[in-house]
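The data blocks that follow each hold one structure.
Consider the two complexes below, in which subunit A is the common component and subunit B and subunit C are the respective partners.
Presenting the complex of A and B:
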């Protein structure tokens, strides 16, 4: 196969170089911001991978007065090169029973991570949005059909006890 | 009946056609060009729709839905420096831009955003970067910022905007010719029709595939798929053959009991494919117990076979008529040379248009006839209208239709035969007689086509309760030909003065060359949906650069 060097150069020029730089710069800013905000938001702990600035993890506290209270949930962020023009991919690493989270993969169904994304969002504010989603599940666009069905059918207690059980099993430090 | 006004939009007239619609909206609603464009793109270039929404829902609703933000006076006086929320840098005021919606980001981030959106093919609706803000970004700002970074991409942005007139317009379709002739067709009212481009290609305006009436678009789509799929043949093989468990050759079963033997000598059970001995009766094979014998299975096989036969029946006839159509196309030359001969002869008859007319009638009715077979396949089959008719109804309707189809078929063949006659060898008397015969046949076939369409529209498709299938109406004159949209450029005046349809194209106006010359060629490699075509087109002696915004052309 012959590679057309002109095209290759053009596409690098157009797509890769500026965004990579822009996304790095922006992530670096966020990194500094996070260091500063750690004290300010005790519910979120964002950590950047030592070797790869495009990989982040976060520990978030389950919101109080929800079945997730007392749990610590780990999120994994994969940031695309075109960040912040394109949203990061986020999923739960900790098992969670929630109608908008895929039970097996931890994938999250949240509009701001898809169509409603705005470059003005940050990793930190995404974490906040996820905490808000934990407190206010949307039963109408469920990734976890079981919990979605429980909620939709009005079985709030069934949903809560399942969610509570999984929080205890997976998101709480083992005692003893 | 009124004919639709069909127009071909060439590369030359695209800009003008678009500007005409823009101007109407700009004048009526007192808007800038870019806001008019945003509204029109949102409403798929339906000017009447824009006005209707304006009247019914009011200006705010019309603008809000489409993402038009009229310049608000409430833009706060920005401080000398601001922090851009996207890159989080502190930016001096002159390096940041505030959109009409009031959101301000740094020029760098705006540019990045535009570049990404243009590359994603979303040039026509680039929205603001702020969360939940649906405002469409100012065209001029996009143009300026992007061209500072990448002039080629800025040109692509212009092209996308221009081609929106075709891509997003429900009244305009690209001609589907391959290689592409560069034209698009605009219809005035009726969107369900068949059209002919000036390049000669005939197509269905609503689905862009070849003209296919009296099939509905859905029927045609299914039929094309069916013909392409080999699943039918695959079906036949699974129904009629099984592979031998020993040598794997396929073995055909032709009736008889369920023990079959391969030429290699192996016997096996037809139902499960397992190897067996030879000893057997009608209902069992010695030493072989097989639970797969079900009446069901046989019924299924029967059904598949019946369906296949049915398909073959219709396909063969469809194919036969399409083949005849191809053969008859060659008649055109023969007839033309005969007319030349006849005109050279001493004869009472001077006008031989009846010959050409007869030939055209043959072409048209042959087409109708061939497409009537896939139509019948779906109309009287179970795929589409299984629940719409009782078997008795179906049979009655099918008889009614087939009667008409047969009559048409007979007369089309007669017409075809008549046209093979050697007219130039005939004496005047015989020639007159042949002329009468040909004219009669033409009239009859035309009438039969018409009544077949009537039957389809009223008695068959029209009586459906659940499904709606519409077909392009029958036209005695054949598929409607589009004519060029004539562009008349007036010298010195700012706007292009008038749009006209005319079958001949002639350029008026002086030598006006607009646009800058640029030697760079455009790059379409990044998945750009635009058709390839040269950037600068000459039109008569007026040159338009398709990539320039309208204002630039205005100014020159």
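Presenting the complex of A and C:
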């Protein structure tokens, strides 16, 4: 039995390239949409990297009446070539004390970024979902156990003061 | 097993079952040896996938096979299943198996529908479904979906539809259709098109679907669509089939191959016809209208999986 490596390479090639074009086209549409929506959603500022449409950053406002209020949080997006069939990888660049965000890496535990992803989501709506997650932490699936344990044990005050402290330290402009 | 037989003639660098291997002093077995072996396995797998095409589970669609492959599969299995396969083989000649990745219903529907258009060259049907697709697009827009989130998926399906009609520069053959449907990037985009259409239909008629969805998953219609319809790899249930059949106006027959036993009088195979009706009337299922509509798409359901069935009288060659 002869193994035809040329065929294997060709088929891999065919599988990758259309995705790349499709994801580029889709991201370009999102880019145009973001320019249009800037005024509509003042809580989110999504910016595409100057040289790479697969790299984005976002500044989101901490939701009001949460310990994150007043803070500005930076997110980093790495968009895979199979986007939008596969979700973007998103993490917090700004330190945040939240049960569903890894304290060291900024990794986010959110179903739509994993199994519940669908192309109906956009980078913009992912930002909205992350803001919603900030306001409604899921203490039962924690990436930050200290934060999750405070909430699960009912120590709302403890959680809020820790979260508030880190918001002040990391997400607010330094005074003076 | 099949794949091992196929490898028998090849030179294989490593052999996990080599008796000499087991006597190796494990202390001297270093990380890079493990890495090397790991790479060898990967390299072999990578070559095998496109090559052992028709037997490989990773292939999205297998070739059409005679129905007897089913009885071979269940040879040592339940006698009820074997009897049911016997009954099936009276009306059906062949099966085309699809990959079990949670998208099998949508993939089977896609292939079966496009193959039907390719063979029938039914332009009236293409016009009809194109009008329905336009309606589905309006539904999504009215539900608040941004055009750019779904338009690429719609465009790709419409392109396939156009290509299976002959007489254009872009027309494709049956072989091309098989090839294309096996191409992950095409196939996944069409699956996603169906998922958008299904989700839009369920949400548009949420009052009708709500009781079914409550029974299935105890979530809201909105939540169900977000978590069980729109994401790739989420399996399809009756709700999905009804919604897709209604939205596109395409009747679907599902034959059920399961262990449900029958009455004393012989074995029969249950089936269910999903018959769409025009306008806002709900899917009429197997009563009334179905006497006049004969589904041209027949799927075989085995618990958790859908494949395509080919009826005997259709005059296709096997």
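The definition used in the following text is that the second predicted complex is superposed on the first by the 166 of 176 C-alpha atoms of A that agree within 3 Å, B and C clash if a C-alpha of one lies under 4 Å from a C-alpha of the other, contacts with A are read in each partner's own complex, and residues count from 1 in each chain.
Definition applied: a residue touches a chain if its C-beta (ideal position, glycine included) is under 8 Å from a C-beta of that chain, and two chains touch if they have at least 3 such contacts.
Note that the structure is a prediction, hence the values are computed from the model and not measured.
Trainee: Based on the superposed arrangement, let me know which partner A:26 touches: subunit B (first), subunit C (second), both, or neither?
Mentor: Both subunit B and subunit C are touched by A:26.
Trainee: Which holds for A:170: it touches subunit B only (first), subunit C only (second), both, or neither?
Mentor: neither
Trainee: Regarding the shared-chain residue A:115, is it in contact with subunit B (first), subunit C (second), both, or neither?
Mentor: Touch partner of A:115: subunit C, not subunit B.
Trainee: Of the partners subunit B and subunit C, which touch A:85 in the superposed model: first, second, both, neither?
Mentor: A:85 contacts both subunit B and subunit C.
Trainee: After overlaying the two complexes on chain A, where does the subunit B footprint on subunit A coincide with the subunit C footprint?
Mentor: On subunit A, the overlap between the subunit B and subunit C contacts is residues 7, 11, 14-15, 18-19, 22, 25-26, 29-30, 33, 84-85, 112, 116, 118-121.
Trainee: If you look only at subunit A, which of its residues touch subunit C in the complex?
Mentor: Checking each residue of subunit A against subunit C gives 1, 3-5, 7-8, 11, 14-15, 18-19, 22, 25-26, 29-30, 33, 84-85, 111-112, 115-122.
Trainee: Applying the document's contact rule, which stretches of subunit A touch subunit B when the two form their complex?
Mentor: Subunit A residues touching subunit B: 7, 10-11, 13-15, 18-19, 22, 25-26, 29-30, 33, 82, 84-86, 112, 116, 118-121.
Trainee: Of all residues in subunit C, which touch subunit A in the complex?
Mentor: For this pair, the touching residues of subunit C are 6-7, 9-10, 46-47, 49-51, 145-146, 148-150, 152-153, 183-186, 188-189, 192, 195-196, 199, 226-227, 230-232.
Trainee: Would you pull the subunit B residues touching subunit A in the complex into a rising list?
Mentor: The touching residues are 85-89, 108-109, 112-113, 115-116, 119, 129-133, 150, 153, 523, 525-526.
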